[in-house]
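Every chain is named by a letter (A, B, C and D) in the order it is written, and numbering of its residues begins at 1.
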């Protein structure tokens, strides 16, 4: 029982990353009709926004400590971050410690800009082209983006820890009456889950309750008619692309303490996030979110030792298996509208 | 039509010089006078450095390449000579190998066995490399080793830790300086028992491929022999990035030690995740919960950041070793590049030196001669104490380091501290236990 | 003798009863028009005949055989060809190739693997396709990309492709929708000619009364998913119920 | 000739000439010269050119003709390799049975995967094929290790039975793949003045098979079957209403292209008897997509050119390093030289992925017809200029 609760909890957490990425993908597909293979790269760029901020905060000047030696036996150069000398050691250290949450603010304008540039500079020219062309050009873009990141940051993962306040884990089991230590979950992952719920809620609220959102939703349903009403739907769609990029970027920023970011983390998520979108139903926002959480939970269960013992290798293929089954039995996905991308 | 098994550019390069001297174009087919593949006949000899330049191990590959460049510099008499001064064999003169200037070509393995073989072939066929070395994974090492056997050149493995490389997949033309899973287990187990006691319940997470299997097997066997119990062993996909669903159930199982049989990106992520879960703050069975990483790499430990603190593992070599050889190597590497070398760099440097030395001692580049010179070769002064290149399986036997993540690192390189230098005798095993057949050396021609 | 018998057909989409109790009988060699105001269910009915939709109730018999549950290509092979509202042709292929495909379908059935033969070596197919192009007055456009032709030519090609299969029943879905008057008249003439010269039945769904009364010798009026009347054109013209259905729509 | 029209015959002849004289064409620079860096005429790379050419030709039969974008085609290549290596292990080192088995096994897998995947079209089809291939890759790398060799790949050993041959050579080595005694790896060198040309048995064997495969693909393109496939891409709806069942046509195309991939996989194993799982990874499938698009989707020769282009990039371009750059730009003033090298540096050597990605994007954006379209445009531009020169400009007839 506790094992199952634990895996559900874990699945929700895993799923929140999937849901955030799939949400952005679906926003782009639903509004612009573009299949964006570079969306994983946006997630990765978000993560590297956090890395960059942490590097900026850690910019240091060197002083020579004659009492210590470095690996060559020379006097050791001690690095002190500028922020520590400017704001005092304590404030400075706190700033560095909180670099990931700070990176949220840092990354939003960057991601919006990246998104808008990408849409205006490239994606715009592909609205009328086939889905295959869209896939190919964004795939090319994804390669280019990740190689650029690799050029500047190297191939190795870069540790970007969460603030010390979020170290360790919360004992759920003890809180709800199980034995202690049976159901524990790291604080930061809980933060991630809540963060994603807030973002998802925010996006839905934005689409539901603002005039802007209403126009966009109308545009998703019938682009031409909205265009005929004299509304500049293209401009709004551009902003939506920026928004989707920002969602992916934020998902990336917050993900950095969970796994040290590296240049190929976007590609790692790419295939998976497409499976999520397809399972949820192309173009359905609630579907994407639901499928994200659902696949997270399924993946968690498939990685249980008891399950692997029963079906060896199931943890390797569960995601693809689900995708195949859904596509064959219900091609419009869990919540997709009829007719979207169907034969 | 004469048949050759591989093209021999070495011959041809010199032939080209001769050909150019003739006024009319002469046409002739290459004779099979050469005794072995890519026999160098000019004033230089070409070595092939096959390292990952793209893909997830690119940084490790870059460090290997730095080491090779340093080795070539030293072999040709440049720099401060590095380990050539501490090496017990004094055959190397600093005038290249057998008087020929050492040149090198590089290839990109991409950490894929296909790509690695393609780049190795290109270096052998196009550039006339007489020896291939490098690599950062066992899959690649085994694949390239088989290729070199077939092509008739020597393969000096880089970073490869699987038992298979000199076990079931060993080849007569292939040599490994790096240690293996078995040795990791044998070296680690006593230290673990000393520090954590003999009454421990271990939970293994194992990368679901050959190297993971052999490492799990090695650590299990050696810890169980000292009284540990293995509660569970769960295989994780290579492509896994988030290990939370594998780590979450660990505490419920009643285990008090988590062994992460992961390497590279897998290791960084699984260790980060495990520490995130606060496992090490927990008390299970009235003991502190512990995490073990059988194979450490400093470059990868860097990716895991502060999470490595206090965690035991084994490593082939570490720059903080205080023997003369290590000190000399760290000094020349550090002076040239500004940071200390990794274990991958060390192994690659040593392999290049050992190869050159074997050629000198054999008096030939012929793979069979070189292999003979390396087989059963005992040496010292290369950083791991007295070392034996065992004839039966072409595996080096030397001291193995047990290390621990340092609590208070003084620099970004100072991540691991050496806990124990496990003597060779303790990690030596019978070559028959892993099966496989060495075969006979293949000179190619 | 009726070639197509529709009995008690009903089709529901969610809350909308698109068709109910549709009975229809198309006589062999007649030109039968199905008319009705927008949303009367004309297209739904047509889709039920060609296998794109399966009706919830009732039966559709073609030449004594049920078409229900068969795929569009199977129904086509039974002898029903369909012309679409906007011409559906193979835009990336040449006009000649467009015409050859139905000839292959006629000769070889739904699938035959000739992957090695050169298609231009199939003399009978080439001859037949060329003959059809001549009949359609398109021989000069033989090597054009089909997509590059005018809309009228595309329509002509599509009809020609249908005829190349020698269907027994030709279904047309508003064949003159969106056409200029001159093109419309050309199409009327073409269809008249087809009907006169060939052993073929034509069923036509049409909005344009001019087209209907120039061509049809039998008319069914559909309103709100049900046939209102079925009669000769002269009688339909004066039928008050029909007027009401149309006026009700326009009012 | 050979049942082809004049244009196709000349295309085939061009391919024949190019492949037969590849050892000359690919080694345009004398040995030992600075430009020898760019020579690609060594056996391994030449073999790869033609083998990946076969793979891309086959992929183009599916993608180019029907428009179905398979993102899992590398799986069949992997299957073919495994089949061939098993044949070497069990039966013997003759390449013919190995290649035949590779084609058959890949074909069987293609029937099953195609049957299921072709129930959907568009991006759904792509994701289905991707999912199948990824499943096969994941399983081959892990739980199927006893059959596939897992991480280290499936290799020959000295203890393989090899019923129709020897387990070991007299010298105690593993025998090498051969065709009735002709070893695939044996080569002959020809030297003319400073130039060296290598003729390799394996290359010519693969080249011969590629020419056959190319010829077959021309026949398929010009056949009624090929026309039906193009019709499916153009308007599947009309095809159904013309009494034709698209499903068996697409399935046949899928299986044929799967068998081409199996053939390529079998040949790869014959040139180099090892089969690794990462051959089946989705990035490998992506590579053949890149090749086909880069060369020109739906054109006959495009995929071959694309395959050659990418393999050249991977093997030659990736080896250029800063030292070589400095040699090239040595004529510039020092500061400028360093600057130029600094600018170029990210794009060469280990940055070849970046350059390839940019090139690929440029092709998709500006040259949807790939290299072939590029060539046509250049030819047109030259022709157009000539026409202007002679002032006999006439309007091009609409295509």
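Structure notes:
The criterion applied here is as follows: a residue touches a chain if its C-beta (ideal position, glycine included) is under 8 Å from a C-beta of that chain, and two chains touch if they have at least 3 such contacts.
Keep in mind the model is a prediction, meaning the values are calculated, not measured.
The chains in contact with subunit A as well as with subunit C are D.
Chains B-D form the pair with the most C-beta pairs in contact.
Taking each chain's centre as the average of its CA atoms, subunit C and subunit D sit 46 Å apart. Inter-chain spacing, taken between the CA centroids of subunit B and subunit C, is 73 Å. Subunit B and subunit D, compared by their mean Cα positions, are separated by 33 Å. Centre-to-centre, using mean CA coordinates, subunit A is 35 Å away from subunit D. For subunit A, the set of residues touching two or more other chains reads 313, 316.
Touching two or more other chains at once are residues 138, 142-143, 353 of subunit D.
For subunit C, the set of residues touching two or more other chains is empty. The complete set of chain-chain contacts reads A-B, A-D, B-D, C-D. Note for the complex: subunit B touches subunit A at residues 55-60, 208, 232, 234-237, 239, 241-242, 244-246, 248-249, 251-252, 265, 268-269, 272-273, 276-278, 281-282, 284, 299-300, 302-307, 319-320, 330-331, 334-335, 339-340, 410-411, 413-414. Of all residues in subunit D, those touching subunit A in their complex are 67, 69, 116, 119-124, 126-128, 130-132, 134-135, 138-139, 142-144, 236, 282, 286, 289, 293, 346, 351, 353-354, 356-358, 360-361, 364-365, 368. By the touch criterion stated above, subunit C contacts subunit D in their complex at residues 50, 71-73, 76-77, 81-82, 84, 88-93, 97, 100-102, 104-106, 109-122, 125, 144-145, 148, 161, 165.
Contacts from subunit A toward subunit B in the complex involve residues 2-3, 6-7, 9-11, 13-14, 17, 68, 70-72, 76, 150, 154-161, 167-169, 181-182, 184-186, 188-189, 257-260, 262, 264-265, 268-269, 299-300, 303-305, 308, 313, 315-316. Interface of subunit D with subunit C (complex): residues 3-5, 216, 219-220, 222-228, 230-231, 233-235, 237-246, 248-249, 252, 256, 398-399.
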